[in-house]
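Multiple structures are listed underneath, in C-alpha cells.
Presented sequentially are two complexes of chain A, the first with chain B as partner and the second with chain C.
Coming up: the complex of A and B.
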C-alpha cells in the first residue's frame, strides 16, 4: 500500500476541530466526575472549577466506603445478573427466531415479521403498564425473573440478526443439509458462527441497555434486596439522601465504569458489527 | 432395473410449471450430463434428485427404492454447488469432515477418511487453511472433497466449473473425468456449456422448456438428433438450417425445391406423405467450398462471405445466402477464401430433415434420412 500524504485543507482542519470540540463536550462531565471523586472531602467543587484531581487516596477511600458501607456491592451483583441473563435470553431467542425468519419459509412468515417490526415502533411507555400488570398477576413482582423475563424477547435484536442471517447463502444451508446436519445443527454449526459479529454487537448493546435501564427495575422491584445499580444511584441522588456531593459522584462514577469498559474493550467489534450488518456474515 | 430411475416427474411452483413429465433412466457408474439453455430446469431436476426440492408428481427411485420422501442426507447423494458453498468459518479439514462429524464418527475414522480424500484431490497442504485463503480451483477441489468423503451413491454437480477461468476449466474437466474413472461412481453433471457436456458425458441429456429433448451418447445426439432443438444445440459451430419450400413425391424418393431460394434436389428418402415446407439441417463440415470456376453435379448454393474465423488448423466461414439464410462452413487451410462470394456444394447424404414443428423426419426404410 502506498501512503499518500496531502497537505490538510481548511476543511480537514475544521472537521477535526469540530470533532475534538464534540469529544471534549462529551468527555468533560466524566472527567469532572473523576475530578470530584479523587479530591479531599470538602474541597470546593463547583465554583472555580479545578481541572485536575488532587488526591488519589481520598478517592480510593470513598470507593471503599461505598462498597463496604452501603448496598452498592449487592446492587452491582444484581445488575450484573440482570444484564447477563437478559443478554443470554436475547441472544438465544433472537438468533433462533432470526434463523427461521431469514432462512426458511413458513406460512405467516411475512405477517409475523411485520408485527414484530411494528412492535419496534411502540414506545416503552405504552407497554410498561400492561407488562407490569401481567408480571404482577404472575406473582413475579420483586423477583429476578420478574426483572428479566419481560426483556428477553427483543424485536430490535431479532431485526438486527435477521439482517445478518439473510446474508448467509442458501447454498451453504443446503450443503449442510446434504451433509446430514439436522435443523438445529445447521443453526448451531453454520448460522450462529456466521453471524458471530452481530451476536457480539447485540450482546454489547443489550448490556448497555440493561445496565442503564432505570424504569423497569424501579417498577418491578420495590424491595431494596433487588435494587439495581441504577436504583441505588438514584437513592444517592435523591433529595433526602444524607450523602455528600462527592459520595454521590463516586456512586455515579462506579455505575458508569462497566459500560465504559465494555465499550472500550469491544469498540472495534461494535463498529464492525454495525458496519457489516446486512452485508456479510 | 436402472440404477436411478426418474419416471413421469413434473415440477411446478404454484401454477407455473417448470418440469414436465421427465422420464430418464441412469445406469450405475454412468457420467450423465444435463445440458440446455438457461432456465430450462436443469438445476431443478438435479435438486429434486438430491432431495433439496420436492417432487410435484412422479417418482425418483435409486436402486429400485423410491426416494421421494427420503431426507436429502439419507439418499446417498452428494452435491457440488456452483458457488462451492464452503463453510467460511471452518478450516478445509472442518469443511471436508463436516458430514462425518454430523454423523458422529470417531475422530480416528474422520482423520483417516479426510486424509484419504485429501490424497486423492491433493488437498494435504491446505487442510489447515480457511476457504477465504484458497484459489477458485482449490475451493472447487475442496467442494468435491466434501462430496467424496461421504461416499455417495450419486454425485451431483451443478455447473461446478462456471466460476473458473477457461484454462482452469479445461484442467478441472480432465480431473473430473479422471476422478470418475477412479471412483466409478454415478455422476450427474449440469452445465449449459455443450462442449463441456460433449467431452464429459457418457450420456448427454438435452433439456429445453422443462422437457427432456433427447438423451443418449453425445455422438448419437450429434449425428442423429431427434429434433431441431437438439440438432441446433449440440455442436459448435451450430448446424445450418436451410428452408425448403416444397416437397413432392418422386419415384424412389422426394423432390425438394425452393432450397434457400431456388435450389432443387432429389432425396432418396422413403417418406410417403411428406409435404413441405421443411428444413434441411447440415453440419458445417458437410458443406464443401468449390473453386470459383468449374461445374459439378448436385446441389449448389452461392453465398456472400460475412466473416471468417481463423482457428489455425481450420477456419469457419460465415455466409449469407441470397434469401438471407445464414450459413457456417468449415474450410481447411488450403481453401481459397479470397472471393467475396463463394460457391458451396452440399453433401445431401448427411442432411437431416426437420418438419416445421421441429421434429425430425426420418426415413422409414433406413436409419438415416
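Coming up: the complex of A and C.
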C-alpha cells in the first residue's frame, strides 16, 4: 500500500524539480539581463552574479541615457516603422491573393499557387544576394522601401491565410453576389472579417520576424541613418565598442522588450500560430 | 469574354504576384545568370563559365565551412529535437495553469529577437567575469575561453542554438501530442504497458509526421545558420568566422565573398551550391520517409 502511494510522489517531485530547473535555464539569461540593467552602475557584473534587481532608478537612468545620448531611439523608430509597414503590406497583399486562391477558380490558379508553394522550399541563401543586387540596381539601398518592399510577397503568409479562407462558406459568397455586392465588397465585408483571427496571428508572427531580422537590414541599410535595432545592438556588442556592460545590457533589454510584451499579451495566438505552421505546413 | 469574367480575380492577385515575381522569381533567375559571371557590381558582368563554382569548391574556406556545418548539424539537430521532445512530454504531463506556465517559460527564448540570443550569450560566455566562468570558478574549475578557443567554440554555439530552438520545436510537438487519441494510452495501460513503453510504442509512432516536419525544418534552417555564429564571433564583412575559422559557416562565407570581397558572381554561385545541398538533404529525408512507410 505504502509503495503505491509513495512512488508516484517521488516521480512527481522529480518531475517538478526538472520542470523548474529547465524553466530557470530558459529564463535566467533574460532575468540576468534585467538585473544588470536595474542595478547601480559600477557594481561588478557577475563576480557576484546579480540574482535580483537592486536599483530601479539606476535602470531608468540608463534607459534615459541610451535614448538621449545614443542613436538608439532612431533605430527603435526605424525598426518599428519597418515592422509596421511590413505587416501592413504582408496582410494586404497576402489576404487579397489568398481570397482568390482559396475561394475561386480561374485559369492559371493551380499553377500559380503551385509555384508559390514550391517557393516555400527555396532557401533564403539563394535569393538574398540577387535580391540585394536588384534592390541596389533600383537605387533602393539605404531607403525604407528598400528595407520593406522585397519582403512583402510572403509565401508563408499567403499559405496561412489560404488555409483559413477555405473555411469561408461558399453560400455566403453566393448570397452576397445575388445582393449585388462587387468582388471587392465580398472580400472586404465577408472574407476579411471571417478570418480576422488568422490575420492577427500572421501580424504578430510577422512582427516578431521583422523585429528580429538581422541579415537583410545588415546589407540593405548600411548607413547609420537607417540602422535598425538589430544593427545598433550589434554595434553596442562589437569588440570595438567603448560602452560599459551596463549600457550594452540596457541596449539588449530594450531590444527584447517589444517582442516580450507582445508575447505576454498574445501568448496564446503566438504559440498557436507556430504550432499551426508546423502541423499544417 | 472569358478574360473579362476573370479579370477581377487577376486584379486581386496582381499586387502579390507582381511583388512575388519581382523580388523572388527574378532574383533566382538573375542569380543563376550571375553565378556564371565575374562581377563586382560596377563593371559589366564578364562570362566565366563554371569558374565561380570550381573556385568555391576548391577553396579552403568552403571546406572549413562545410566541415563545421557537418559537425554542427550532426549534433545540434538530433540534440535539439531530443530536448524538444523531452520538453513537450514534460509540459504535456502537467495540466491547466502549470502546463501553460512551463510551456511559456520554455518558449520565451524563441520570442527574443534572433540576434539577441547570441549577444546575451556572448556575455554569459565571456572569459573571466562571464557568468558561466564564474560558476565554473565556484566548483574550482579554471576559466574556459568558450568563444575564442577553437575546440570549444562549436559547442558553445550548439548550446545557444538548443536554448533557442528547443522551445520552438516543443510547441510544434505539443500540438502533435494533443492530437493523439487518449484511448490509445488507455488501451496500452490495460495491456500493462508502462510509461516508457507507451512513449516508444504509441507517442513516437503517432508523432512521426510531426517529427518528420520538425527534423526536416531543423535541418534546412541549420544548414543556413548565420545570425548566431556571426554575432557570437563578433564578425564583420572583413573579418568573420572567429579564431581559426572555427565558427565559419556556408552562409557567412557567402556573405563575406559578396560584401567583403565584392565578388557577387561567386556569392551567387555559392547560394546555388548551398541550395543544391539543402535540396539533396530534403529529398533524402522524403525518400527515407517513404522507404520507412513502405517497410
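Things to note:
The working rule: the second predicted complex is superposed on the first by the 244 of 281 C-alpha atoms of A that agree within 3 Å, B and C clash if a C-alpha of one lies under 4 Å from a C-alpha of the other, contacts with A are read in each partner's own complex, and residues count from 1 in each chain.
Throughout what follows, a residue touches a chain if its C-beta (ideal position, glycine included) is under 8 Å from a C-beta of that chain, and two chains touch if they have at least 3 such contacts.
This one's a predicted model, so the numbers in the text were calculated from it and none came from an experiment.
Three-chain overlay on chain A, with chain B and chain C fitting side by side and no clash. Judged by the touch definition given at the top, the superposed model places A:59 against neither chain B nor chain C.
Between chain B and chain C, C touches the greater number of residues of chain A. In the superposition on chain A, contact of A:185 is made with chain B only, not with chain C.
Contacts of A:146 after superposition on the shared chain: neither chain B nor chain C is touched. In the superposition on chain A, A:32 makes contact with chain C only, not with chain B. When both complexes are overlaid on chain A, the residue A:175 reaches chain B alone and has no touch with chain C. Annotation: superposed on chain A, chain B and chain C show a minimal Cα-Cα gap of 11 Å. Of the residues of chain A, those at positions 281 touch chain B in one of the two structures and chain C in the other.
Those residues of chain A that touch chain B in the shared complex are 169, 171-172, 174-182, 185, 189-190, 193-194, 196, 281. Interface residues of chain C facing chain A in the complex, by the touch rule stated above, are 2, 6, 8-10, 12-13, 15-17, 19-20, 22-28, 30-31, 34, 41, 87, 90-91, 93-94, 101-116, 119-124, 129-131, 134-135, 163, 167-168, 171-172, 174-176, 179, 210, 213-214, 217, 220, 223-224, 226-227, 230-231, 234, 236, 250-251, 254-255, 258-259, 264, 267-268, 271-272, 274-275, 278-279, 282. Looking at the complex, you find that chain A touches chain C at residues 15, 18-19, 22-23, 25-27, 29-30, 32-33, 44-47, 49, 92-94, 96-97, 99-101, 104, 106-107, 109, 112, 115-116, 119, 121-134, 136, 149-153, 155, 158, 183-184, 187, 208, 211-215, 219, 229-230, 233-234, 237-239, 245, 248-249, 252, 255-256, 259-260, 262-263, 267, 270-271, 274-279, 281. If you check the complex, the residues on chain B that touch chain A are 50-52, 72-74, 77-79, 81-83, 85-89, 98-99, 102-103, 146, 150.
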